[in-house]
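What follows is a set of structures for review.
In the two assemblies presented below, subunit A is common to both, partnered first by subunit B and then by subunit C.
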Partner chain A sequence: MAVILENVYYKYDVDDNTSEEYGIFNISMKVEQGTTVGIIGKTGSGKSTLMQHLNALYLPQKGKLIVGDFVIDKKSKDLKNLRKKVGMVFQYPEDQLFEETIYNDLAFGPKNLGLSGDELNSAIKGAMEDMELDFEAMKDRSPYELSGGQKRKVAIASVLAMNPEILVLDEPTAGLDPKSKNDLLNLLISIKNKRNLTVFFVSHNMDDVFWLTEYVYVMCDGRIVLEGEVNEVFKENQTLKDLDLGVPFSVEVLEHLKNRGIYEGPLHPMRLESLAALIADILRGKND
Partner chain B sequence: MIKDITIGQYIYKDSFVHKLDPRTKILISMFFMFGIFLINNITEYVYVLLLTAMTIYMSQIPLMKIIKGLKPILPLMILTVIMNAFFTSGTTLFSWAFIRITREGLYLAGFMGIRIFFLIIFTSLLTLTTSPITLTNGIEGLLTPLKKFKVPAHEIAMMMSIALRFIPTLIDETDKIMKAQKARGADFESGNIIKKTKSLVPILIPLFISAFTRADELAMAMEARGYRGDEGRTKFKELKYRLADKVILFLFAVLLVFLIIRKIAL
Partner chain C sequence: MIKIIDLDHEYRKDNNTSIKTLNKVNIEIKKGEFVSIIGHNGSGKSTLAKHLNGLIIPQKGEVLIDDIKVSEDHNIWEIRRKVGMVFQNPDNQFVGGTIEEDMAFGLENIGFPSKDMMGRIEYAANKVGMGNFLKRPPHKLSGGQKQRSAIGSVLAMEPDYLVLDEPTSMLDPKGRKEVIEVLRELNKKDKMTIILITHFMDEVVYSDKVIVMDMGNIVLQGTPKEVFHNKEMLAQINLELPKAAILQELLKAKGINFKDEVLTKEDLVEEIWQLF
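Coming up: the complex of A and B.
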């Protein structure tokens, strides 16, 4: 499903006319079906507020959203059908687990949407398999006895069990150890491809954003201040630093090399293998 | 929605009322509470109104704030008035079917309404002008003499201030969990009472779990920082009755004693 936002505004303090502080301010975006977009910005820049508009947890106070066939504005009602299409993984999603067994927790969403019987069972089974959770071994276990990384996977599976077409991931790797983090990101990439999802990926980690996404929106004070193809956006390393954001590791390394006068090329973000190859070339004296 | 809850709101101002000792404010609020039930004629309520208006003025709290604070209590007030009006026996003024309104009932209802009105205003003034921490300090101070009778004054005050400290955190947490379950298709609005109550389970369980985790962490952090309860603990701000406190307490006490004696004598 494609997603279009047209001049969307949201203010938390609606009653306070003097306040110029918006949760999000005049946001427009256009995301094609099947793309993965990154949303970056420092804490408090409005990323979560924006994401919660995508499944109408917040309704735009001005402007509108078009999500597939749904048009959402400040008067929208009957949001269940939209929420079926947009899966929302909050920050620390494991906080929302509440059932005695993993199976029941995964069943909560689909049941609310009216699924039952075989349909329900296969939705749950599919979600667990996609998250690499062993269905037979784990379905009757308590979600609370799992490790942090496993709990996170169960929580994400509980969203996938609703078979969404759009997946919103709000800092999905926050607080995970490096291995769990990498496993999760790899898993998310394969799920995205398998299910042909449109993905919104909110993150503080520029390398993850570079790795996972195709198009990036940079936010500051509720506004989109920079957007573009991932390669283009990460070339703006000064702008990003001014916004208290980092740049991918590779750009950082290239910048250091440049400062030392052993590299003259552009500061492109790149995979670590390409970066290693480039440095190897420099060392062999083939820098051109 | 849930974010609108404002329990024990405190508004900072540099006013005379704010600067009073919290114990003074708690005590005069209690005196006021008793006093208001010992009064039963309009003239004296006018004096009470003047006293209240003066206190509000001196506290520098915007009048709108106080009026808004009355709104949620309105149904309770109306209910009390109606109950009193209908269910007091005496000389009938008006009757229709099984409803009978008596002169005594009307009087009582009117006075009850007025009393609740003043009660709410005065107690909200107490929390509006006293920060939660100061308030618990005040309660601890007032309970301290009871330590001799094994009343855990310090523990009670500490529990209260921790509870107050975590109210906003819990509200944030509830908001977040509600949204997460809504995103999974949960519906908290429709259905009958039983269905609505059941729909709270997915909120309450995560909330309890996180509250227990937080409590555990906080207890550990407090222990790590050497908290051993009351013994050997000093205060950052010692409570002290100033002259103004003493004068006000004296005046209120005299007034209350006068009202009590009058009540007994009449």
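Coming up: the complex of A and C.
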């Protein structure tokens, strides 16, 4: 599903009625089916407000969103079918587990959307298999017995059980140890490819954003202040720093090397392996 | 000094099984030390931390805060005054309508004289760089500011020890940096004892001591350099090295020989510069 936003505007009610300090203001985006886009910005920049428009938890006060065949504006109604298509994984999604068994937890969403019988069963089974959770062994267990990482997987599976076409991931790895974090991100990448999902990835970790996404939107004070292909955006070293955002580790290292006069090239983000190769070449004097 | 002696903890899963989350843990933390505790999810870090101010009472073994036993009920208020705790989510820790009210809440609870209260609040707020924000409501603060205020509210109680359980995991990069800087400052200037539980390997490189936990056991303990030198052990328990150390390992694999092992990008660049 493609997603188009046209001048989406949502202002929170605050004491001062004229203030455009809290909310999102005139956001336009065009996201092709099957892409992974990154949304970055410091706390309070409007990322979550924006994401909550994608499945119409908030309706825009001005402007509109076109999500697949759905048009969402301030008058939209009957959004159940849209909500089936847009899966939201919020921060610490395991806090939302509540049923006695993992099966029931996964069934809750799809049942509400009208699934039953074999259809329901296969949606749940498919979601658990995609999250590498053993269906037979785990379906009757309590979600509360699981480790933090496993709980997180169950919570994400309960979103996938609704067979969404768009997946919104808001800091999906917050609080996980490095190994669990990398495993989960690898898993999400393979699910994205298998299910051909359009993914919105919200994160404070610039290295993860660089790894996962193709296109990045940078938000500040409810506005998009920078956007572009991931490589282009992370070249804007100073802009990102001015916005209180980090840059990928590779860019930081290259910047240090540049300041020392060891490196003269551009400050491109890259994976650690490529960075090691580049530095090794410099030290061997092959860099020219 | 905090002494943890042969501390065991298990919780009952059902009638037949119980799971051991701490297994004969022994730790000594001296006044003024900056100690980091790392380990993967479920390794027992948080369970350990909750013992330090009696949120969990020892089932077996003992925790001594300046020789006061956590296991004895009547000590609990004394222990909680000595050991301040800060948790992950700043939004769950605010009780007041403004920073000032939030800081006053704890002080009122311990019957702190109201005539001295404002002075104490200003002192604590200044320590965390929030002195100019006392009248601000929490929703008008960034994540880093909220978490620094939470630290300030704890400091207002003048604890002897500060325990922080993943205080930066919900913050943006700037917020993370702010919180870590405040902690380093408190440790250096005020000799505050800091016990920091974290998943971010880059945050532990500045501590005096790193404790590595796995399945309820302490598996490594030492200075950051000593601990991160045990690369095989860390890999076995699925812990990563700080990024600069990973990069140095990749460079070593390419035949580059370094004088010293590094943990920060600044030190790595220094090493590279010397080879250049």
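Following the convention adopted for this analysis, the second predicted complex is superposed on the first by the 284 of 288 C-alpha atoms of A that agree within 3 Å, B and C clash if a C-alpha of one lies under 4 Å from a C-alpha of the other, contacts with A are read in each partner's own complex, and residues count from 1 in each chain.
What we mean here is this: contacts are C-beta pairs under 8 Å (C-beta built on N, C-alpha and C of every residue); 3 or more make two chains touch, one makes a residue touch a chain.
All values reported here derive from a predicted model rather than from experimental measurement.
Chemist: Determine, for the superposed arrangement built on subunit A, whether subunit B and subunit C clash or fit.
Modeler: Subunit B/subunit C on subunit A - steric clash.
Chemist: State whether A:177 touches subunit B only (first), subunit C only (second), both chains, or neither.
Modeler: second
Chemist: Thinking of the overlay built on chain A, is A:8 touched by subunit B (first), by subunit C (second), by both, or by neither?
Modeler: Once the two structures are laid over each other on A, A:8 reaches no partner at all.
Chemist: In the superposed arrangement, which partner chain does A:249 touch: subunit B (first), subunit C (second), both, or neither?
Modeler: A:249: touches subunit C, not subunit B.
Chemist: Would you sort A:55 into first (subunit B), second (subunit C), both or neither based on which partner it touches?
Modeler: After superposition on chain A, A:55 lies in contact with subunit B alone.
Chemist: Given the superposition on chain A, which partner contacts more residues in subunit A: subunit B or subunit C?
Modeler: After superposing on chain A, more of subunit A is contacted by C.
Chemist: After the superposition on A, what does A:257 contact: first (subunit B), second (subunit C), both or neither?
Modeler: In the superposition, A:257 contacts subunit C only.
Chemist: Quick one: classify A:169 as touching subunit B (first), subunit C (second), both or neither.
Modeler: Neither partner.
Chemist: Contact-wise, after the overlay, does A:145 reach subunit B, subunit C, both or neither (first, second, both, neither)?
Modeler: Touch partner of A:145: subunit C, not subunit B.
Chemist: Choose the clashing stretch of subunit C with respect to subunit B from the list 23-31, 41-49, 77-85 or 131-139.
Modeler: For subunit C, the clashing option is 77-85.
Chemist: In the complex, go through subunit A and note every residue touching subunit C.
Modeler: Residue positions touching the partner: 42-44, 91, 145, 147-149, 171, 174-181, 204, 206, 244-246, 249, 252-253, 256-257, 260, 262, 272-273, 275-277, 279-280, 282-283.
Chemist: Going by the contact rule at the top, pick out the subunit C residues touching subunit A in the complex.
Modeler: It comes out as residues 13, 39-42, 88, 142-144, 166, 169-175, 199, 201, 238-240, 243-244, 246-247, 250-251, 253-256, 265-266, 268-269, 272-273, 275-276.
Chemist: Quick check on the complex: what are the subunit B residues that touch subunit A?
Modeler: 173, 176-177, 179-187, 201-202, 205-206, 209-210
Chemist: Can you check the complex and tell me which residues of subunit A touch subunit B?
Modeler: The contact residues of subunit A facing subunit B are 52, 55, 57, 80, 83-84, 87-88, 90, 93, 95-98, 108-109, 112-113, 144, 158-159, 162.
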